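I'd like to ask you about the structure that follows.
When the chains are written out, they are named A, B, C and D in that same order, and each has its own residue count from 1.
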Amino acid sequence: MSEILPPRGYKKEDTEKRKEWLEKKTGFHLNEAGPDNPEDLRGIIENHVGFMHLPMAIAGPLLISGTYAKGEYYIPLCTLEGTLTMSMTRGLFLTHLSGGIKTNHIKQELSRSPIFIFNDIDKSKQFISWINEHFDDIKREAETTTSHGKLLRIDKYPSQNSVILDFIYYTAEASGQNMVTIATHKACRFIIENYKCDSGFRYYIESNFNGDKNPAYKSLLLGRSHYVVGSALIEGKFLRRLLRVNAKEYVDGWIQCTRGSQEAGIFGMNMHVANALTAIYLATGQDVASVVENTGGIISYEVRNSDDLFATITMPSITVGTVGGGTRLKQARKNLEFLGCIGKDSSKKLVEIVCSCALALELSLGGAIVSDEFAFSHAKYGRK
Amino acid sequence: MSEILPPRGYKKEDTEKRKEWLEKKTGFHLNEAGPDNPEDLRGIIENHVGFMHLPMAIAGPLLISGTYAKGEYYIPLCTLEGTLTMSMTRGLFLTHLSGGIKTNHIKQELSRSPIFIFNDIDKSKQFISWINEHFDDIKREAETTTSHGKLLRIDKYPSQNSVILDFIYYTAEASGQNMVTIATHKACRFIIENYKCDSGFRYYIESNFNGDKNPAYKSLLLGRSHYVVGSALIEGKFLRRLLRVNAKEYVDGWIQCTRGSQEAGIFGMNMHVANALTAIYLATGQDVASVVENTGGIISYEVRNSDDLFATITMPSITVGTVGGGTRLKQARKNLEFLGCIGKDSSKKLVEIVCSCALALELSLGGAIVSDEFAFSHAKYGRK
Amino acid sequence: MSEILPPRGYKKEDTEKRKEWLEKKTGFHLNEAGPDNPEDLRGIIENHVGFMHLPMAIAGPLLISGTYAKGEYYIPLCTLEGTLTMSMTRGLFLTHLSGGIKTNHIKQELSRSPIFIFNDIDKSKQFISWINEHFDDIKREAETTTSHGKLLRIDKYPSQNSVILDFIYYTAEASGQNMVTIATHKACRFIIENYKCDSGFRYYIESNFNGDKNPAYKSLLLGRSHYVVGSALIEGKFLRRLLRVNAKEYVDGWIQCTRGSQEAGIFGMNMHVANALTAIYLATGQDVASVVENTGGIISYEVRNSDDLFATITMPSITVGTVGGGTRLKQARKNLEFLGCIGKDSSKKLVEIVCSCALALELSLGGAIVSDEFAFSHAKYGRK
Amino acid sequence: MSEILPPRGYKKEDTEKRKEWLEKKTGFHLNEAGPDNPEDLRGIIENHVGFMHLPMAIAGPLLISGTYAKGEYYIPLCTLEGTLTMSMTRGLFLTHLSGGIKTNHIKQELSRSPIFIFNDIDKSKQFISWINEHFDDIKREAETTTSHGKLLRIDKYPSQNSVILDFIYYTAEASGQNMVTIATHKACRFIIENYKCDSGFRYYIESNFNGDKNPAYKSLLLGRSHYVVGSALIEGKFLRRLLRVNAKEYVDGWIQCTRGSQEAGIFGMNMHVANALTAIYLATGQDVASVVENTGGIISYEVRNSDDLFATITMPSITVGTVGGGTRLKQARKNLEFLGCIGKDSSKKLVEIVCSCALALELSLGGAIVSDEFAFSHAKYGRK
């Protein structure tokens, strides 16, 4: 059974052994790429002076049955938090033993939300009508700027003397933040040039309403970028063996965690999905600042079949891509290839992997807290 | 004037030129360190297989007058978001011209918050009394596990049939998440062994109440780790020259942004402090997943002297450190040295730098939105 | 000018004078109705034993130009908070002098949101498709239970192993909480009897998602029941005369209030719209517990024409009606008649009046705080 | 057993029978008081023109074992929501059969929170020091304005270029909103006259930070006015008999409700405590607009002894009083007397009764939803 888990150890030869094991196991050399050429960094960073070498590890294997991701995956992680890789591996192993993780990719919609400000509150309805009537023109303008993005619809939010237009796009394999900015700007220029209002109006390309780089209830409710759900049914015997708790104890512990979260006014309902997201984002060239908008997942646990644990996670916002931006970095591309996340629907596949790993890491942490081994494991793995 | 800004360009020789300029300007070779030895990664990552080479840039100079940070600083950044470095540099230059950024370090308090669950709701008062009476013992136990951490106090939150104890520590130069876990665990063992309750009780080391890796209103209100305030008074002429807006236009635009934020249920009140934090955290070996708990800064702008812009930012939670964890990575240490963030009070100094850079980046973005150059700059710097 | 304001005073003859003045001014005897017959209280209250006699006052006049409400109105209020009536009257008078309050009724949509729970996460898409295909049937079933309610659409929120169906109705002149419950229950029975899922499913008529009797971000964002916007442009001279502040001082004060609100994690952005809503709801037979779901209005102020104050309010949720429930009480009906809120579109008219009065009361309170007369006026009117 | 429940019915003679039963049962004539004299309404309402006659009912009996409230109580309610009285009675009866409701009064603290604005961000520490040094003087000034209120402490919240001082009072039997306004204003005058700052400063008596008439996370976390916890352990057999569900079904249903609440961004975690609060507040002369700040209670349920239901509620904010304001109305006083809420600690006693009734009403509603009788009961009791 241990053959499916990477060999452990901190010595140079351990790392070498792991790389060999990985190659044998998966056929992949993960890390032979040298640093990227400065010329290739255009569009990614300005004023480049060098590189930060973030240590990379391997967790897994994840066994997944998703809408797009299916099969077994080893997960490249970049993290500076000792324990994280071990803990995610434990969670993944636990779900692997129990048949793996299921995921359901619900939708993918990214928005930009310009605000149009009028002199008075009574201009909104007429403006909204005009937008509805000219949707085809606006869509055409927006889409001239992108070969892959599609403007799905424009949601309208009138408020005070203004109207926010939430331009909602399908961004295909791209995370798409720049795509929706540029497309929406083009569309807004069309609106400004063609819409007439006696008392005038002005606009800003962004009102902060779209939730870019912010935790937002709107994103929790309506989704932002990828919206995905995951679950695992853990057999009681594996739960007891690996986490040293039973299902009822686990759920009892989780209830206390929801109380603490409610009292503290926590956004979302999870312990640390931010950790899993950060580690995978870093390894796959994602914009890791997006984790703040993606962190609001909702987790719940219930006892099933009297002894098993049914764990579910809803992640209404995962803002990742498999083309463009940092995914062009050599190592990021290599890692995406390693995950099979290249080509059509690869962004959705990546999202399902991210969601599963977040669930696995939560499962393991929950176990550590309930069994009171949390401090011990951090003393062991989190210190020199 | 341009001598104080790094030379631009994406070519290999541009990067070389920038490194030379930086060395001449500051006396520092930023990036000669090779990757760390696997053996040195104990406590940082398990199952290490290689490195991810994140591109690093330089922004600045920041001119700052803080409680701890004083003088001029160039800022190492790791980012994959084109435009970010240019934009932060623009914001820093704008504040530099106007006399720099002021910061005020208010406090540094990190907590862990175990929950104690009783059989009934009427056990909380007696328990709280006992904790108060035994604070000295509890403190002594907690502090046996750490050479630098100090248990400042224990806040008590009774609720339902449980009591959350919020153990609040001073963690000196460490970000301290592991420190407070291990210390609190020791303290809890003491409580469990010595406190008697007829009907019994149980506990969990964490209730999610402390806001670790989560956006939490508690952290916004009471602070978590470092609490810092920053401000800049921008002269109107520089605002117009660099951002191509005047102060009144700027404030009018910001008001629309607060509307959008309120409607979307945004946590905090800022556009993207997450970006600045992420870039500096990555370059200085911080746990970048902490950005989600640090993202809730509150920004406001007002017109002063009829033409100037007064910008303020309150960041109630900046969870960083200058010792331990990822700060042990060679390049991270180099970057911390480069920032002068070594030794006593260096974590507070780093926090003031982070806060200032967040404010500068926001200032620049706000300008881009109000002048409607936002899409243009992202088309220029955010694409290949 | 003072003829348009009700005569003041606490003596019996003052009240008599006010009633005479009111009759002369408006032709209405407001308060001749004796208590209702117990038999008429069916559907309103059980276990009836008597009456609570809430004092009723008159504020105004409100001058309004809305989508439905137009002209001048005196407002019946029930309150136990001394100062409230005087303060609302001051705010209404202030806006009256400046040309009145504008309102824009945006929409009216009330929902009930049953949750359907499946065994697994992968059942949601099929279920949603079925709901879409059978919408006409479901609508017909729902509408058999109501003569006025219309099922507009069903929004679907898949999450975990469940799907929330948000049944969205137009409820005409009724506040409609019972209407949507009964209609949705009928619709759900249809779904349960006709939808087949191999692994079974269960449902609950409510998931708390609809925001009934709760402050909910969903209601702020998407609206609940009536969604209305209001504004007033206050001339500087009247602002100074009545509130003893100028427009710039007013806005400067408001900014501080938004800071305090952000730090405290206030839901919505207003000081006390709850007060205006409560007083009018009580006088017009509304369910006053709904104020908690209606309290999240967003207010903003700006200086216009260098000396005037432009005040706007967005109230995304006003859950009132003019038929059914407590509006059947004799005095409530009288008050609704007095407000002209009988018949077609009367609920929308009432909403616009409520929104205007909320704005007026806020305007007056803001003035009292900025001029530092707040404590004084409460010492005068809030004590015996 | 049915003797302890009030006789039902909507006919005039039913009401008479209920009043007789009540007198026989409790020795109280609840409703003989005629309307109050206009002269007595000073401090409660201005521009009085008459009365609104709200129907009043009786629910109960509540069996309670609290810190202050002990024994059996019938509860006067004013409501316009059919079903509410029956449902609360059902919940109270259910808990009565199982031994009653326990409550634990934790604390009573009401605040007002003026904001002091400086020219710059670096003035806060000096100001806070001065406040600390002069606390005794400030307290003396504040307390000159009140015979019962006590200034307990001043919490300081520095932010941007301002400091919010949260003046925290014990208000004895009064709800105290006016008390803390007037006392804090006096204290602020002292500060303004005695504190010197070179660059000047200004202040506002309120920053909205105190959470008055607003749902606020601060109030959830730190409490506002009375903070109380309640619980009941319901025997399985009574649960099945009265609510027609078992404990496991009940908890399973509640979990779905927490999901809906999380997704909708509900403030607090309960279905409709607002209903119970509103009905009792109206009957006892409370300011019912305060319900919006008191609505954030957190409820949880767990199965105990395999078949029983343990229900708990934390209500961190109940802003009520038994003297002053509307409690001076004749019927309100009568109802307070009827509840034994006169004299020392009567406000705390009232709070425990309110909390218990809120829990009972929730219990009953939860049962109706899980047993799918919710729509039926509203069709029966909520329509003519």
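The working rule: a contact is a pair of C-beta atoms (placed from the backbone, for glycine too) under 8 Å apart; a residue touches a chain by one contact, two chains touch by 3 or more.
Computed from a predicted structure; not experimentally measured.
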At the chain A/chain B interface, shared numbers over all numbers used: above half (same) or below half (different)? same
Find the geometric centre of each of chain A and chain C from their Cα atoms only, then give the gap between the two centres in Å, rounded to an integer. 39
Compute the distance, rounded to whole Å, between the mean C-alpha positions of chain A and chain B. 21
Any chance you could list the residues of chain B touching two or more other chains? 157, 159-160, 217-218, 221, 258-259, 263-265, 268, 298, 300
Graph class of chain-chain contacts, one of line, ring, star, complete, other: complete
The chain A residues in contact with chain C across the complex are 102-104, 106, 120-122, 124-125, 157-161, 217-218, 221, 229-231, 265, 298, 300, 312-314, 316
If you look only at chain D, which of its residues touch chain A in the complex? 217, 220-221, 252, 255, 258-259, 262-265, 268-269, 298, 300, 302
